[in-house]
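Chain naming follows the written order as A, B, C, D and E, and within any one chain the residues start at number 1.
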């Protein structure tokens, strides 16, 4: 999975019926020290998250295996909100300290 | 999913029967500030869009899950036309202002 | 899908039985202005094409959905020969003018 | 599959039910001479590994084929702990010498 | 598919049961002129190859479609040993001349 921050939203009215009712978020990827990179992905929200949250995104066919996205035409779904990240014994991210 | 702009079309007469009747669009990817990048993808139109529109493209096996592309030999399908995009509370794209 | 030019062939006698009878082509990717890039893919021919032709390649599990490659162990198949490409109202490629 | 080192962990309480009970590890990729690269992946542990171990990660739909991850919404799973790696007759990695 | 050279092996005792009995090879990718690149992939051997051989690797779910890897948790399998490669009418690789 990839890790990134919810930085924005996409609004669309003309779309495949399978996308009805899903929020489309812009998730900007972060590197291993939690700095934003130039990569991003448009992902549907499968858990109920909001802007500025650090999240985990599952891609490919597995994005259709979450409880809320079964058999939907999506290739990226937010499946977890990150509370904290430790790398090399250092706490590199903590949700409530942001 | 990825976000990009429909910038062109591909015409092909000799092709797999599964592609008959689909428009093949050239979709140039945009970065998180909506500037075109050097990446692009050839995608089939699953919703009825046109040139110069900003669209969302689903890739991989999920491109075969849309209403119009079920079980077709495609790995990229346009599934939404973008009305607007907000990043960091800024409206970075709006269809009717272009 | 990706777009590229058939620039070569791969010959192999010791291979998985599922590959028997398929031609393996070297397809060099082109950028949005049709210039060759440093990327390439080895793809099976699902439509009957030849060297120097501009083609469309489908990747991933969808490469097993064409008429000629059903259930074969391939992740890239040539599914269309390109007649012409228009980008931004300019004809950037035309088969019979090459 | 890719090869990398387990360098950290991600803690998440709000997540898709399918992720319950899995450890989420940060796996930093290594190049062919075993030096860490700037790439990483968030992977679930399918075998019982720990930090600082060199591991093999399977991606895509195959990440749902391991004994412990069947039908789970994951696109990356740790499926092997590396004992040693030989490249060009040189032992470039050995677990018990680290 | 990608093309590369078998340059090494990975030894692992603690692994998913689905990997038992497979050799794990380090395959270094080559570019279109057959020069090694900085990319590599860990692939299982589905045909019986050895070190220093130039091979074709299938990735993704198709890596589970070969005769020897059906339903195994792998995302890369060696499915062909390359005898020769021709690019632009030039023989750029020949097995028995190496």
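The working rule: a contact is a pair of C-beta atoms (placed from the backbone, for glycine too) under 8 Å apart; a residue touches a chain by one contact, two chains touch by 3 or more.
All of these numbers come straight from a predicted model, not from anything done at the bench.
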{"item": "Partner chains that subunit D and subunit E have in common", "value": "none"}
{"item": "Lowest number of touching-chain links that must be crossed from subunit B to subunit C", "value": "1"}
{"item": "Whole-Å gap separating subunit A and subunit D, where each centre is the average of the chain's CA atoms", "value": "20"}
{"item": "Distance between chain centroids, defined by C-alpha means - subunit B, subunit E (Å)", "value": "33"}
{"item": "Junction residues of subunit E, two or more chains touched", "value": "60-61, 63"}
{"item": "Chain contact topology (line, ring, star, complete or other)", "value": "ring"}
{"item": "Cyclic chain order - from subunit A, heading first toward subunit D", "value": "A, D, E, C, B"}
{"item": "Complex interface listing, subunit D residues touching subunit A", "value": "7-19, 24, 26, 28, 38, 40-43, 60-61, 63-64, 71-76"}
{"item": "Contact footprint of subunit E on subunit D as seen in their complex", "value": "1-3, 31-32, 46-49, 56, 58-63, 65-68, 77, 79-88, 92"}
